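Chain IDs A, B and C follow the sequence of writing; residue 1 opens each chain.
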Amino acid sequence: MTTAVLNSVLLLASLGLIAAVVLYAVSKKFYVYENPLIAEVEDLLPGANCAGCGLPGCKAFAEKLVNTEDIADLFCPVGGNEVMKLVSEKLGKVVAEKEPTIAVLRCQGSCDVRPKTSEFQGPKSCAISAMIYGGETDCQYGCLGYGDCVEVCKFDAMYVDKVLGIPVIISEKCTSCGACVSACPKGIIEMRPKNKRDLKIYVGCLNEDKGGIAKKACALACIGCSKCEEICPKGAVTMHNNLAYIDPVFCTLCRKCVDICPTHSIVETNFPPKKEKVAEKTEAKLTLEKSKIDA
Amino acid sequence: MLKTFPKGGIHLVDNKLSAGEEIKRLPVPKVVYVPISQHIGIPAEIIVAVKDKVEIGQIIAKSGGYISSNIHSPVAGTVTKLDKIIDSSGYKQQCIVIRTDEKNIANFEEITYPLKKEIDLNPQEIIQRISDSGIVGLGGATFPSHVKLHLKEDEKIEYLLINGIECEPYLTSDHRLMLEKAEEILVGIDIILFALHINKAIIGIENNKKDAIELFKQLAINKENIQVTALEVKYPQGGEKQLIKALLNREVPKNGLPKNVGAVVHNVGTVFAIYEAVQHNKPLIERVVTVTGKKLEHPSNFWVKIGTPISDLINEAGGIEEGVGKIINGGPMMGRALKNTEVPVTKGTSGILMISAEETSRKEVYNCLRCGECIEACPMGLEPFLLMNYAEKGLFESAVKEAVLTCVECGSCSYVCPSNRPLLEYIRYGKINAIKLEKAKK
Amino acid sequence: METQPIIVSASPHIHTDRTSKKLMYDVVLALLPAFFVSIFVFGISALIVTSVAIISCLLFEYLIQKYLLKTEVSIGDGSALITGILLAFNLPSILPIWMVVAGSLVAIGIAKLSFGGLGYNIFNPALVGRVFLLISFPVQMTLWPTAIKNNTAISDAVTGATPLGIVKERLLYGETMTDLSTKIPSNMDLFLGVMGGSLGEMSAFALLVGGLYLIARKVISWHIPFVMLATMALMTGIFWVIDPEHYASPLFHLLSGGAILGAFFMATDLVTSPVTKTGMVIFAVGIGIITVVIRLFGAYPEGVSFAILIMNAFVPLINKFFKPRRFGEKLKFKIG
C-alpha cells in the first residue's frame, strides 16, 4: 500500500519537474524581446483602448510612441496634454500641445421643431438609413436620431433623448476620442475647442437649402440671411451654400451673432445670463435708491 | 419545359394590372425638372443658362466623360432655374428646370413617324448617333448604351439578346411597347446586328406575355437570324446574367461582362429608342411609364416626357387613394420608395407603383434561423445571411471573400426570409464599405 | 387632412407570407398525430408529461430572458413550445415530474439561451435535455410501461424495456432473432404504435403523416429524413443479409426507437442543421452511420440522440466546407 502511494507521488512529482523544466526552456528559447519602455509608457496612457489616437489600442500607441523618432504628430485625445507631457518626460521626446476639444452636435432638429413627413421602416441605424434617403423630415442634412454615435461611444458620454429624438452629449464625460465623429454618416458631429468653462458658440444647423425651404423643414434652421456674418466683429462667420459656419479659431465668444440670428439657429452653451439683464438690474436699483433720496 | 436559369430565383404573383391598357400620351407638363444624373457614371455637364430658350430635343447637358450620357430637352420652353430637386435617390440632385411654352402644351398630339426599315447609316455613324442621342439602358440600370456597343478589335459578339422579360410584378411598360411597336423593335434589332456585325439575335420574353410572344414569332417568321424564346416566369429572369444563362447556358465570369461570353443584352425599350434615334434622329426625351397599384382607379401606361413630376402621372391615372403606404419608382422588388410626389420621371423610371401599407409594411425582425431559404433563393450562389452578419459586424474584408460584390441586389433573399431580416440593406451597406476599403487601399 | 405619412424603406417592398411563426406552428401541427397516439397508448400520464414539459420550457425561457439576461422576451415565437413537445416525446410517460422540469431547464437554459437564444445554439435543445436526463437518471429514463394491446389507460403498468432494448440484451445473451420473434412486437405493431418506449416513439405511422405534411408544406426538405433513413437501412441491411440471426432487419431498425421521430423532427431542426442541401446530405449520412454503430456495437440500445448531437457539433464545419457554387465560378472545395 505504501509502495503504491510512494510510486504515485514519485511519478507525479517527476512529471511535474519535467514539465517545469520544459516550460522554462521554452520560455527562454522563444523569448520575444520587448522594450520595457513600452510597458512603462502604456501605464501612463488612460487604458481606454478607444482608438482616438488612430491606433488600435493603448498598447499599440505605446509601441508607436517608443519606436518613432518624432512624436509631434501623435496625440492621445483622452489623456490630453497632461498625459502627453508625462510621456514626453519619460521618453525625452517633444510632443505637441493641443487645445482640448469636445464633441458638438451641430443640429437642433428635435421632434418639436422639425416635423416628420414620412415614416422610415427598416433597421434603426443611421448608416443604413442614410444610404436609403435623407431622413424622415424635410431636412436631408439633419440628424436621423437612431443613435449610431451613442453606440460607439465607449465613455457613456452620449444618449438619445427620448423626447427630443436627437442625441445629447454630456460634456463632462466626453474625452474627444472622435469615435462619434466617424460614426455619424452625415458629419453632423464636430470637434470644437473646449475652454475652461465649456463656453461654446456654434451654428446648430447644416442645412444648405435656400432660406424658405430650410425654414419650412425646421423652425431652427439656418436660412442663410448672413446677418451673423455682417455683425461679427472678428470675421469668424463665413457663409457657404446658404449656411453659416463659425470658425472657433477667430471667435471671441462675444455672442453678437446669437442675438441677431432670426431663427435662433446659433447655439450658445453655459454662458451666464446676459449683461443687459445685469444692467437692467443695476438700473432698477439706482432708480430705486434715487427715488428714496428724492423722497 | 421552358428555359430558365437553374440556380435560385423566386416565384412572385404577377399583378400585371395594366397589361391590357394601351399606352396613352400624358399631356405635356407645364414644368419639367431634368436631373443631370440619370445614368450610371459621371453626371452630365449643363450647357444652358437661366433664361435660355430651348427646343424639343435640344441638347441641354453634355456627357461628362466616357461613361456618361447627353441629356436633351424634352419640351420647347425656357430654362427658369438650375436648382436642386429631390429625386429618387432620396437626396437633392442638380436639375435643369424648364417652363414649357404654351404652344408646346397646346400641341398635345406628337408627331408620329412612319415605320422606316432601311438603314441609311454605317456602323460607325450608328454608334455615334446612339451616343449623341443620350440613349441609356431603359430596363432600369441606365447604363450608357454606346459604351456597351463599343467593342475592341478582338472582341466578337455571337449573340444579341433582347430583354423582353419584365420580371418585376406590376410593371407592364415593356409588354405594351412590344405589342404596339413590334415592327419598330425588329428594325432596331436589325440596326444593332448590323452595327456590331452580330449574326444572331434571340428575343427572350417571359411566358406570362403570350400575346407578345405570338406577335414576335409571327413577325420574325421569315427572319432566320432572329429567334423568339419564351422563358419560365421566375424572378429575376430579367437580370442580364440570368438571361444569358437561361438563353445560352453560359455564365458571365466573376468581375466579367456579357461580352466575355460573346453576348450583348439590350432591353426592348432601349432597342426602340435606338430605332427612333437612328432612323428618325429623335433623341431620348420620353419613355413608357406604367402607373399602377391595387388601390389606383385606373392602372395605365403612358408615354411620358423625361422630367415630368410624378404627381402629373398619378393624377392622370385617377389620383392617390387613401391608405397608400409607399410610392415606388420602379417595381416592388428593386424600386426605390419615394418621399413625395414632386420627384421627376427620369430615363430609368419604368413604373410608378402605389402600394398599400398592408401589402408592404415591414414586420417584426427575428433572429436568423439558419434555415437556408436565402441561399436557395439567391441567383448568384451567395449566402445572404452570412453577408448580413459580416456587414453588421463591420467585417467587410470577410464579406468580400464571400463575394459580396457580385450581388445583383435583386432582393430575393429579403423576400423569402421567414424572420423578416433586412438582408439586402446590410448587403448593400457591406458593398458600399467594401468598395470604399478597396479604393482606400489603392 | 390627417393621413398616414408616406412610408419609405429600402427594396424589396413586398415579402412572402411564410414567416417563422407559421413554420413553428406547422411543426406543432405535424406533431399532433403522434401526440394523440401517445395519449391513446399511455393515457393521462402522457398528457401530464407533455404539458409539464411545455409549460416549464416556456416558463424558464420567460424567466431567464426577463430577469437573468434582461433581453426581450420571445416566448411567442413558438420555438420553446416545440422544444417542450419534442423533449416530452423523448421521455418515458412514467418519468417523475421533477425530472421533466429539470430536463426543460437544461434544454432551454443551457442548450439554447446560454448560447445566445434562438438561432445561436449549436445543439438541438430537446436532445440535450434528453441526454442530460439519460446520463443523470439512467434508471428512471430506461423504465417504460409496457403497452397492452387495445388498452387505453395504463396506470399499473408493468415496466419493461423497448423493443430495441430487448433485442440488444437478448442478442448479447446469445439468443437469436428467431428466438426473439415472439418477445418483440411485429413490424406491423411497430408501425401502428403498440410497443413500449418513449412518448414520441410510438407510432411510425403517425409520425410519418406529420413528417410528410412538413415536407409538403416546405417547412423541411426531404434530404435529411430520406438520406438518414436510407443510410440506416443500408447499413443495417448489410449486416442483416450477412447474418440474419444475429442482426435485426432494416425494417425493424427503421420502425423502432427514435429513428423516425429523429429523422423528421429532431435532425431537421432548422437552427442546428446545415444550410445547404449538400451539407444536409452529409449531415444525414453521418447521423445514420453513427446511429447504427451505437445500436449494433455500442453500449446503448438507441443511438439516434447521440448521433444527432455529435453531428450537430460538425455542422459549422460542414457549413464552412460545403458552400453553394457561386455564379460564374467553377465548383471547388474551398475553405469559406
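By definition in this document, a contact is a pair of C-beta atoms (placed from the backbone, for glycine too) under 8 Å apart; a residue touches a chain by one contact, two chains touch by 3 or more.
Here the structure is a predicted model, which means the values were calculated and not measured.
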Which chain maximises the distance between its CA centroid and that of chain B?
C
More Cb-Cb contact pairs, comparing A-B against A-C, go to A-B
In whole angstrom, the CA-centroid distance of chain B from chain C equals 49
Counting only Cα atoms for the centres, state how far chain A is from chain B in Å.
44
Measure off the straight-line distance from the CA centroid of chain A to the CA centroid of chain C, and report it in whole Å.
54
Touching two or more other chains, which residues of chain C qualify?
4, 6-10
Expected list for chain B, residues touching two or more other chains, is 90, 337, 339-340, 361-362, 422, 425, 428
Multi-chain contacts in chain A: which residues touch at least two other chains?
117-118, 121-122, 128, 131-133
Within their complex, state which residues of chain B touch chain C.
7, 10, 12, 90, 169, 241, 245, 251-254, 256, 322-328, 330, 332-340, 355, 357, 359-363, 366-372, 375, 378-383, 385, 402-403, 406, 409, 411, 414-416, 418-420, 422, 424-425, 428
Under the definition above, what is the set of chain C residues touching chain B in their complex?
3-4, 6-16, 18-20, 22-23, 74, 77, 117-120, 270-271, 274-276, 323-329, 336
The residues of chain B that touch chain A in their complex are 84, 86, 89-92, 337, 339-340, 361-362, 365, 422, 425-426, 428-429, 432
Residue positions on chain C within touch of chain A in the complex are 4-10
Write out the stretch or stretches of chain A touching chain C in their complex.
116-122, 128, 131-133, 136
